[in-house]
Each structure stands twice: as C-alpha cells, then as structure tokens.
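Multiple structures follow.
Each of the next two complexes has chain A plus one other chain: chain B in the first, chain C in the second.
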Partner chain A sequence: MWLPFLGLLLGIAFGLLTNIQIPTVYENYLSIAVLAALDTLFGGIRAQLQQVYDDKVFMSGFFFNIMLAAGLAFLGVHLGVDLYLAAIFAFGVRLFQNIAIIRRILLTKWDEKRHKKKIYP
Partner chain B sequence: MSNKKNSKGNFLSRKQFELLIVCITTGFIIGYSYNQAKDNKMSSPLNSQLFAQEDSYREELIEQQERNKELAEESNRLQEKIREYEKKFASNENEYEQLVEEAEDLRLLLGNLTGEGKGIRVTLQDGEYDPTSVNPNDYIVHESHVFKVLNELKISGAQAITINGQRLMANSFIQCNGPVITVDGKQHPAPFVIEAVGDSATLSASLNLKGGVINQLLNENIVVTVEENQKLIMSKVKVES
Partner chain C sequence: MKRNMYTRITIVLFIIGLMMAVQYNTIRKPAERDTRDIWAIREELSEEKKQHSALLAEIRSLDDVVNRYEQSEETNMQAVLNETVESLKQQAGLTDVTGPGVILRIELAPELVAMGYEIEEISPDLLIQLTNSLFKYSATNVAIDGNRIVHTTAIRDINGETTVNSVPLSSPPFEIHVGTNSYKDAKKMYNSLQASTFIDSFYLDNYNLIIEEPTYELTIPAFENSLTNDYLTEAKKGE
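Our next item is the complex of A and B:
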C-alpha cells in the first residue's frame, strides 16, 4: 500500500527538480496530461475497490488516455479550435464520478465496520 | 491467477510495478506542472518589469527619433538657406565681374586709365591735289569723316581712342576749323592718326564692311590706311582741375 504513494512522492520530487522550460503553446498539453493521469489513477483505485481491476485495462487506459488527450490538444492547436476542452470536460466529469464512487464505497465499508464493531464488541 | 502467484512469490509483482510506474508518471506530471506554474508566477512580475523597461526604452527611442527628425528638418532648412546664399553670392560675383569689366571699359573710354594692348591705327589723309576739282573741300578730311571713324570704332568695342596722340574722353569735342580740326581745343592738322585699343580683328573688320566707313571715305577721295597693331599704349588723360 505504501509503494504507490512512495512512487507518487518520488515523481513529484522528480518533477519539481526538473527545470525544463516548455513553450507556452504546449501548456495545454500539460494540463490535459495532469487530468488524464489523475483520472486514470482514480479510475484504477475505484476499479480496485469494486474488485474489477485489470492491470491491462489500467495501463492501456493510462497511456492511451494521455495520448488521446495530447492528440486532441494538438489537433485543436492546429485547427484553431479549443478541442482540448473536450478532453478536459470528459476527464473532469469522469474524475468527479470516480471520486464519488470511491467515496461511496469507502463510506459503505466504514459503515459495515462500525456495524460489526457494534455487533461484536 | 498467475498474478497472484507472482505477487506472493516476488517482492515486486507485475501489478505493483505497473502501479508504481503510473504513480511516478502522474507524480512527475503534477510536479512538473506545479513547477511550471510557479515559474510563470515568478516570471510574470519579472516580465512586467521587463515590459516596463522595454516601454520606457521604446518611448525614449521614439523621442530620439522625433528629435532626429526635427534636427534633420532644421539641417535641411539651413542647407537650403546656404544654397540660396551661395546662389546669390555666385550671381553677385558674376555681377561684380561684369560691373568691374564695365567699369574698366568705361574708365578706358573716359581716358582715366592707360590704354594698352592690341589695337588698330587708322590714318586719314587728304586726297591728292586734284587740279580738275574746283572745291578743295572735295578732297580734304572733314571732321565728319573723323566722326564716322570714331563712331564706328566705338560701336565695335574700342576701349580707348586717340587722335594724333591726344586721348579722347567721354566729353571730348571735335570741331572743324578750316583745314585743321580741334580736339578739346587743341588743333590737329591732317593727316589724322586715329588709334584705338580693342580687338583689332573686330575693329578692322567693322571698318572694312562693304559700304561701310572706309568705302564711304574712299568715295570721298580720302586716303585711308588701316593697320592692326600688336601693342598700342595710350597714356591716361591728366585731368585739369
């Protein structure tokens, strides 16, 4: 359980230490990449909690979503249409849904635990 | 199912490894974005400062350019003025030259200056005594003949003229006085030697025109000789007070 958090912290530290400047044009890509990564991560947690987790789906989803979002942003930049908004919208909605599901599951589990404690003190 | 076996056997299962990679990637992206945002925040005041500096420089540049423009216009104006002055000066110089030449000519004509240079000498002599002619006036030189020659010479640009060595002035007068003529009160007998300083070729050509002065004189039985001289010197007139 501690490993993903360690990885997350490692990644954050790594990202903070990196000092590469990217052109302003590509800041859209970054925001979309953040959203895609977060979405996939929470999706993975939800799947784990619902016990439908499949690492193939998880991995392919992670990279494919990021690439799709980046591709949409790329297309948007070149067409002059803010297509990356679509990706942000989709990811944002899914992110909230995933978090809501996780919260509900956790609440249910917590309730069950309390029930058990009450039943078997 | 093999996963479960793996997870039990190994310290790092495939699932955990993948999760680790995903977490690291996500963390990296988040950290990087945070860094980027921080950089932007940090750089924006710097940017505004730079912009302000650039603005001030630009304004300064514009000011300088305007000043340059003004100065260039002023310089153009001044140069125009200088050119006008130069033109005026040049024309004045030309005028001065002309005036000086004219004054020189006039002085020569007046006899205030010593005439010197190429010239022409015209000698008018009475004709041979003609026994058939009753009137001696037919073959002697009258002052009208002298006048003709003098006028022709003056018209042709003679600068200084003498008659028998006496310089003619602008107010000289010539009178006929029997067989002699009087120039400014001085009597001169024939032959009359009229000398004129000037372009000798022009002078002689104008005298020798067909039907001109010399033809007329010859018709009136006067012996005329014209010779071009390389150098004539005519002393200036001493003005009697």
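Our next item is the complex of A and C:
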C-alpha cells in the first residue's frame, strides 16, 4: 500500500537532489506532462475502485496522454495558437471529475461499512 | 495481479515526482544573475585587494609582537606585555594622543544672534553626521568638546541637552579635535571639510563651523570613564 508513496517521495528526492533543470522554453511542456500524468493516475485509481482497472490501458494512457499533451503544446507553439490551454482544460476538468468520483465511491464504501457494523456488531 | 498494479503505480508516481521536482527546480532556479560589468568587478576587486593588504599588514604587526615575545623570553616579558597593553589602550582611546590634526570650532553665528534668533541646542544628528564624515576622511582620534569618541560613545539628546558620552556639551563656542595619522591626511581632511556642506548645515542651525588650518601638534584627551563591556567574557586558557 505504501509502495506508491515511496515511489513518489523517491522521485521528488531524486529530482531535487540531482538538481536537473530544463530550459525555460520547455517549461510549458513539462507542466502539461505533469498534469497529464496526474490525470492518468487518478483515472487509474478510479478504475481500480470501479473494478475496471486494466494494466495495459493504464500504462498506455499514461505515456500516450503525456505525449499527446506535449505534442499539442508543441503544435500550438508552432501554429501560434495556445493549444496547450486545451490540454490544460481537458485534463483539469477530467482530474476534478475523477477525484469527485473517487470521493463518492469512498464515501459509499465507508457508509456501507458503518451500516454493516450496525447490523452485525 | 494486484501486486503488479502497485508496481506500475509506483513507477508512474516516481515519474510524476521526478517531473514535479524538475519543474520546481526550473521555476525556482534562475534566482540571481551576475549583472556586473567589468568596471564593477574591477572596483570590487580593488576593494578586496585593499582588505587583503590591510590584513597582511595586521598579520605582520602581530608576527612582530610574537617575535618580540619569543626573543625576550623571561628577561623583559613584562615590558613587552606592558607595551602590548599600552598599544591596545591607545587603540581603544584610553590614552592621550598627540599628533597632526585639525581643530574645528563651533561658534554662534553673531549676525543671527544680533537679529534675535533663538539659539537652540546643536542637534545630535548633525554631530553624528559630522563625526561619521570625519572618520570617513580618515580621522584616527576625535574628541568633541574634550570628550573622546570611542567605540561605545553615544551622541544623543538627554532631556533637551545634546550629550557626548553622557556629558552635556558646554555652550558654544567649543572645539572638536580631530587627529590623523599624518600631516598630509590632516591637510586632506581640511580640504575635504572645506568642500563639504557641513558649514552650511551648521549655519542652518545658527552656528558657524570654523575649520582651522591643520597643525602638527594636536593633543587629543583620553576617554575618561571606564569602558564597559557587558558581553565579553574572559576565555579560559586552552579553550
């Protein structure tokens, strides 16, 4: 259960300690990639809670979303249209939806648990 | 199956963490850019050089003292120690000092007195500014109205009276004695003071600041009270 958090901490520590920096020009891409990654992560958690989780979907979604977002931003820069806003919007909305669904599912589960305790103490 | 999922999520989270950290680094890092041009760097270098040579001079003088300690061993250890104490006392302003210097005299402006202007106390701010400028013009010892300026001296207003070392200034005219290292320095100070705005500043307060020609022999009195230091303590040997 704690393994994922360990991964997160490890990643942050690794990034901070090695002090990697990317050129300012590519900042936009990275921020979008982070957003896409978060979106996929919460999508995965939601899928797991709804028991429709699929490894292939999760992993492919993770990398594909990141690349799509970065590609969209790249295209936007070259076309002179802020296309990365579209990606931010899409991912942002989905992120909130996913988190809302996760919250509801957890609440329902919690309620059920309490109910059961009442009936069979 | 479940174990597999956790591994995947761990990998994904690791990548997310890494990306966030990199993003954080990138946004935060370009903190300070060195925008000095060659001239500014040269100035700074010369400043450092000056400090360097001052430190070297200090090292040399301390080495000298050590040498003398070692040479004299027991025979006249006391004399050498006394000498050191004496020089430290001189540095702290506890001895009379005679040398080249400039006398500044502060008098009431007679025409303003005749016009019936009310004469107020000389303001501590003006005196502080004058003292700071004197030290900037390489003064070594300063006494205001016979009160020697040492590192703990306060020039301030106490109950409406301007005091130096908590001693009220006598009513004008009084003198400020400024000692310098050499006659050349004294001359330089005389010229700097003549060119400065202090004469005007004093006139605004209804005083005349008279700067006398530099002299070769000027005696500056010692600091009369005892120096207090509340924060220094004696270090034990070997600590």
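Methods note: the second predicted complex is superposed on the first by the 121 of 121 C-alpha atoms of A that agree within 3 Å, B and C clash if a C-alpha of one lies under 4 Å from a C-alpha of the other, contacts with A are read in each partner's own complex, and residues count from 1 in each chain.
The rule is simple: a contact is a pair of C-beta atoms (placed from the backbone, for glycine too) under 8 Å apart; a residue touches a chain by one contact, two chains touch by 3 or more.
Quick caveat, the model's predicted, so the values are computed rather than measured.
Model built by superposing both complexes on chain A: chain B and chain C clash. Of the two partner chains placed by the overlay, chain B and chain C both lie in contact with A:4.
By the touch criterion defined above, A:82 reaches neither chain B nor chain C.
Shared-chain residue A:19: touches chain B and chain C both.
Of the two partner chains, neither chain B nor chain C is touched by A:111. Looking at the shared chain after the overlay, A:30 reaches both chain B and chain C.
In the superposed three-chain arrangement, chain C is struck by just one stretch of chain B from 40-48, 58-66, 130-138 or 184-192, namely 40-48. Taken together, the two complexes place residues 3-16, 19, 21-22, 27, 30-31, 33-34, 37-38, 40-41, 44, 55, 58-59, 62 of chain A in contact with chain B and also with chain C.
Of all the residues in chain B, the ones that touch chain A in their complex are 3, 14-16, 18-36, 39.
Only residues 1, 3-16, 19-22, 24, 27, 30-31, 33-34, 37-38, 40-41, 44, 48, 53, 55, 58-59, 62 of chain A touch chain C when the two sit together in their complex. Contact residues of chain A toward chain B in the complex are 3-16, 18-19, 21-22, 27, 30-31, 33-34, 37-38, 40-41, 44, 55, 58-59, 62. Residues 4-27, 29-30 of chain C are the ones that touch chain A when the two sit in their complex.
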